[in-house]
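Let me give you the structure first, and then I'll get to my questions.
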Amino acid sequence: MADPLGVESDEEECRICEGEYVVLKRGEVYKSVQVEKRKKVIFEKQWIFMDNAVGQLYGSTFEVDSGGILNLRKPKQDEDSTDNKEAGLDNRHIVDDGKSQKLTRDDIESLKEQGLKGQEIIQQLIDNSTTFKDKTEFAQEKYIKKKKKKYESNVTVLKPSCRILAMMYHGREPGKICHLRYDTLAHMLTMGNIHAGSKIIVFETCAGLVLGSVMERMGGHGSVVQMYPGGGPVRAGMESFGFPSHFHETLHEFPLCKVNALLSGTLNLDEKDMDSQSNDSADKEKSGSSQVSSGGGEEGSSEPQSMEVSLDPAEAKKREEREKLREQKAQEKKAKLEEKRKRLAAAAALLEGRNADGLVIASRFSPCSALLCLLKFVAPSRPFVVYCQYREPLIECYTKLREQGGAISLRLTDSWLRHYQVLPNRTHPVLLMSGGGGYLLSGITVAAAASGAQQKSSEPAAKRIKLDEITSTADSSA
Amino acid sequence: MADPLGVESDEEECRICEGEYVVLKRGEVYKSVQVEKRKKVIFEKQWIFMDNAVGQLYGSTFEVDSGGILNLRKPKQDEDSTDNKEAGLDNRHIVDDGKSQKLTRDDIESLKEQGLKGQEIIQQLIDNSTTFKDKTEFAQEKYIKKKKKKYESNVTVLKPSCRILAMMYHGREPGKICHLRYDTLAHMLTMGNIHAGSKIIVFETCAGLVLGSVMERMGGHGSVVQMYPGGGPVRAGMESFGFPSHFHETLHEFPLCKVNALLSGTLNLDEKDMDSQSNDSADKEKSGSSQVSSGGGEEGSSEPQSMEVSLDPAEAKKREEREKLREQKAQEKKAKLEEKRKRLAAAAALLEGRNADGLVIASRFSPCSALLCLLKFVAPSRPFVVYCQYREPLIECYTKLREQGGAISLRLTDSWLRHYQVLPNRTHPVLLMSGGGGYLLSGITVAAAASGAQQKSSEPAAKRIKLDEITSTADSSA
Amino acid sequence: MSFVEYSEFIKEGDVVIIFLGHESMMPIKVEAGAQTQTRYGAIRHSSDLIGRRFGSKVTCSKGGWVYVLHPTPELWTVNLPHRTQILYSTDIANITLMLDLKPGSVVCESGTGSGSLSHAILRTIAPSGHLHTVEFHAQRAEKAAQEFRDHKVAHLVTVRNQDVCKEGFGVVGVADAVFLDIPSPWEAIVHAKKAFKRKGGRLCSFSPCIEQVQRTCETLLEQGFGEICTLEVLQRVHDVRSVTMPLVYLGPEDGGPESAKMTTDPAAEEARPVANPGYQSVTCRTATPPREMAGHTGYLTFATKPRG
Amino acid sequence: MSFVEYSEFIKEGDVVIIFLGHESMMPIKVEAGAQTQTRYGAIRHSSDLIGRRFGSKVTCSKGGWVYVLHPTPELWTVNLPHRTQILYSTDIANITLMLDLKPGSVVCESGTGSGSLSHAILRTIAPSGHLHTVEFHAQRAEKAAQEFRDHKVAHLVTVRNQDVCKEGFGVVGVADAVFLDIPSPWEAIVHAKKAFKRKGGRLCSFSPCIEQVQRTCETLLEQGFGEICTLEVLQRVHDVRSVTMPLVYLGPEDGGPESAKMTTDPAAEEARPVANPGYQSVTCRTATPPREMAGHTGYLTFATKPRG
């Protein structure tokens, strides 16, 4: 029945390979790791060796044994089937006397030593609890969750995707992605009309998550220019997507500190300039490998002075070798610089057309100046979207854009995200929810207006009326 | 079975009396009116005479006939029982050909002339619609709502309450109550710990709704001081509660423009001063009855000059009468002023103790200066609550209070209110919801701190840590 | 002190709330000679509390200080000993308003639970109303009654230990309002109906699950209740704070070829990050929602019991 | 122009969006020689549109002007002719993300409805993916197919006019994702299961009522789907504006007896309101939520179809 053409390649791409980025999952907790043999990774306070995952299918679930070795579990066994839930309707019958659990700590330890799986231990705990059945559903859930965290050690290995990584970052390290919630990211990608074949400008300080999400939606078609502050682009989040190598060819980067120069047509792509820039960025980067090699060079060059002049042939050969090495290094450095210059030139060329198909901003920087500036690189009739954790900076963006013109259909939005528990006779919204997902400003570029006055009268009529209403309301109750 | 003591007085207070304030209700639409005989009131574009409501029980439903006369409906007939809802699951079978309604406009008019009630007409429309049964529930509801609005003319007469009036204002005239939503009002009354026997300061420009709500919760026990801007207190919303007269004895008013004088101990209660204040307020009030009478006086005083001096006894008598009238008016004015002086003095005395049990602010004014000033009249360990339609002014209040001290447990909140449709197989949140209910700042007063430095270290420790976190997060991704 | 009347000074036997700092409080019962330990040291009731004004700052034995607050139902709600899941002020506020509660109201409640709502009801219906509260669980009913005595509101409340679904509220024809927070509210509605005054009144049922709401609404309709309305209120507490955002450095502005050369001069470029190791920044005051908040407590279903 | 590829200039046969002002737009199909009436006057397609750049300002015959925009699925969603209730961008955005859609994805959808979601799916899965969309209603299926042709995306989509609950999606073993927006999604799940690739994929069901969600989740569980998750997203659009609030006049500040007398002087008191007929005021920029907003569209239930 199944499409025979699809199946082959299907199987191929569904196997976990060494070197690939994967996402580990336990319950609602995710972690992105690269599959490497004989290398420990920590997940949920547990050491894990990924070796046994290699060659298995994505989506497989493994039990982690005491040595951190993964053991494949048979499917259907891995779902949380602690479902002999016979919930009491309230907990009015419960008198807490501290004696409700018949298993002792020693009992549990011995169960573990007998090799019982985490889930089995939890089932034992439930079966040996005199009060579990009488607890309210809420209390039961809390109980199971607590115990699960303590005794379960299943891990599912997933293929990364925008959804999974966005949920992972939001759950584990929201600070790294400016508290960008996944539904807000979803909205950015949609409002930005991100799709294959377009040219998108991205300025983000969300660890590369937004960059990666944009690239996923472009599927390796078109181009992305990452605008970066400081010494170099941050891309860890993008790497976690594990894109095939041709995706990377569509990605360019351009330093924000050169944007004004580019706009004024004074961008200098001289080698000398590039050199200085490279040093500049090395200063800023913490682990600049170029810094290490250049330091080595200096050490080498200070060496001869302190050395005695000897013509020992062995010494001469050594010196020759050193010279060669030095030259090779210089050559390498030059090649690197040349590569960097080319990349900068390529990115500059992409921007200079001023015909980008979209702009996506999501950063910890005050967005207004970057937005106004980067919009100049976007073609007319293209969407843009700005994320900010706070409302005030986007109010500023909105106001400035209104004054300046060149953008219509401006919308400042936020959203509520609510998850539901759907269970027979126990359906309700999840008891904990996210307090906020940040704010978005979206709009569409238009051809710059000839006269500012005309521009200003474009949209705000409706608003003015509203303001008048407010004033008159205020007056009438005075 | 029923408590025989309760029933008697029960029946008494349950009858609608002439002169009372009542609330008319149709569907979700409310209107507050005073019951007066032979007087038309407009409700939902319909003229109504309230005469027939007098003597009937609160909660009764009336049909309005074409002459605006109320006719009592028997109970059980009045609920919206258009319940032969046989909803199609989607509207895929509907092809709109504009011929789905078999009744013509003329048919409907003749039904009306036959004296069919609105609800019966709607039932006829439904029965004669070929597509109604196939419409989705959503479409059916829209249909019924539209038709109901057009043909129904039931009115239910309710006894006013905080709940009903708050919903009425929010639905009909949110601008008059600064868009204060009823759940937010509920929260103010609760966080303000409003209860019988306390002394509460109220500053509101919500048409008197907040004032009335506070008074309802005090049940005529204790005292309320209404702080008013401008010429006099606005109380229309409070009047609509229809409180018994002894409630009004607990209500005092004090002009905000004299607050600084009161605080500095320089408040002048001289008659002369009061006089000027009275003129002052007359200037500001639009329909000041005192202004009209004083105008009449001037007219009278300008009259003698232009008149011939005659000693005609009839004329003399007239003049005497005029004199008397003038004197009487002056006397009345003096009595009014004296009354006003007494009221001001009484309100000042209540405030001067600086021992109020609570402070409630809900106004269109920038709240910060009023809050800081009025808190001085509140005893330590008492709650206060400030409503504002906007967030920024309350952030200012929060910040200033933190700097100044004297208040703890500061909380800035807003809330979501969601209504549900609960029907078999059609349960979901109502499709339209309020976008926002405004913001509240609440807190508790404490004895003023001796040293400012100590005060400042009272609460914000947790906050500072958070800010540090943000900074460090920002740094790490730089 | 009482929960329905403010006092100026602290007396022996009072329940007071010790405010230790942001969201950190504890209730204590004042007893001459007693001491209470806090993280700032001991509070000696006789010298530190009795006779002091409510709202005063009290210095503890280790030199730290706290505020002593007059109890209110709202402070009690965040400080009471939990015997069950409790209702919080957001729901309580709406229940109070939507039940038309005011001084003089007679209210029937079940279950009493931890007494969070009960205290708020008592505050509102005092001095002339009455609360009939029914609690299935004997231990809890006893605890609640004790708290009502301690809080000087016992004269306003009758606690009954019975099953409201089987035995009702123990009173008939007296209530202006009925509140249900029980697992099967639909089983109690027929009893609720009997508890109301002849002129009728308002009913509220609190349930966490939608299935409970559905059965309750069905029964309310069958039993002739009107104006049936289900709603939900969620409150967000915002954190007011200053936020500093760095400004992006886009390079020198609008430079002609001359100035551009200057800025691409290595020295100038390198000087920048040294002179200005971070970025210039802007600071604004804002209010941010919590990362996580209560996403659901329960659905509130209100209805009017008509006359008769 | 196509809905999956931007163009710079307007051509004959293009669908363009005329932007008339705040929240006011209309889609038109560009035909040489045709005219379109707007409230600002007529737009002549040949001279005003063809050959112009997308995003240009076009002056209409009455002198008013509009912008001509390139169509996007999002603009289409707010401009399309409604044949059914439609999905809006907030739900669409989450559906797209949570279904893992990207270039190359093969998607099955039912019902097609007014094509709001379909266009967004096509945008995301182009150039190498495919959409199989099933619509029960013949007239609607035909309209949708016509729109796909007009929008130059017909090569990416197959429209089928059949009952998904009885006949399924018309394809087997090909889908990465399945989307259901039908009254009884639970009846279609067994067909959805067959549509998936062997390696599995993601499913989404959109339903307005919780009872539909309950039955759907039950069936998903029975049919071996995992990671079942129901959520709801509501978006608020804020109105950015300046708000002016008057300042309360509290009388002269901190006056000693002398200055106080001055201010209680009738002349001074009366002068104030004349000199300053209103009040001094402060203005701030703020963002306010709408008075009313969409409070519910539907619940989104997601699930993973495991391999096999």
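Per-chain numbering from 1; labels A, B, C and D assigned in written order.
Simple rule for what comes next: contacts are C-beta pairs under 8 Å (C-beta built on N, C-alpha and C of every residue); 3 or more make two chains touch, one makes a residue touch a chain.
All values reported here derive from a predicted model rather than from experimental measurement.
S.K.: Would you mind naming the chains that touch chain C and likewise touch chain D?
M.R.: Shared contacts of chain C and chain D: A, B.
S.K.: Report the chain whose CA-based centre is farthest from the CA-based centre of chain A.
M.R.: Looking at centroid distances, B is the chain farthest away.
S.K.: Could you let me know which interface, B-D or B-C, is made of more C-beta pairs in contact?
M.R.: Per the contact counts, B-C leads.
S.K.: Please tell me the distance, in whole Å, between the geometric centres of chain A and chain D computed from their C-alpha atoms.
M.R.: Using C-alpha averages as centres, the distance is 25 Å.
S.K.: Taking the mean of the CA coordinates per chain, how far is chain B from chain D in Å?
M.R.: 38
S.K.: So how far apart, in whole Å, are chain A and chain B when each is placed at the average of its C-alpha atoms?
M.R.: Using C-alpha averages as centres, the distance is 50 Å.
S.K.: Multi-chain contacts only, two chains or more: what residues does chain B have there?
M.R.: 229, 364, 391, 416, 418-419, 424, 427, 470, 474, 478
S.K.: What residues in chain C touch two or more of the other chains?
M.R.: Residue numbers touching two or more other chains: 210, 236, 243, 246, 286, 299.
S.K.: Quick one: which bits of chain D touch chain B in the complex? Just the residue numbers, please.
M.R.: Residue positions touching the partner: 84-85, 111, 136-137, 139-140, 182-184, 208-211, 236, 243, 245-257, 260-261, 263-266, 269-270, 273, 279, 281-282, 284, 286, 288-299.
S.K.: Mind listing the chain D positions that touch chain A in their complex?
M.R.: 4-6, 8, 19, 21-23, 53-57, 65, 67-70, 72-74, 89-90, 92-94, 96-98, 100, 102-104, 120, 123-124, 126-128, 172-174, 194, 197-200, 210, 213-214, 217-218, 224, 226, 228-244, 246, 278, 285-287, 299, 301, 306-308
S.K.: Sort out for me which residues of chain A touch chain C in the complex.
M.R.: 89-93, 95, 136, 138, 174, 179, 229, 256-261, 264, 266-268, 270, 272-273, 275-277, 279-280, 283-284, 363-366, 369-370, 373, 389-393, 418-419, 424-436
S.K.: Could you pull out which chain A residues touch chain D in their complex?
M.R.: The touching residues are 1-3, 6-7, 10-11, 14, 57-59, 75-76, 79, 161-163, 166, 182-183, 185-187, 189-191, 193, 195-198, 216-221, 355, 357, 379-383, 391, 395, 398-399, 408-420, 422, 424, 427, 444-447, 449, 454, 458-463, 466-467, 470-471, 474-475, 478.
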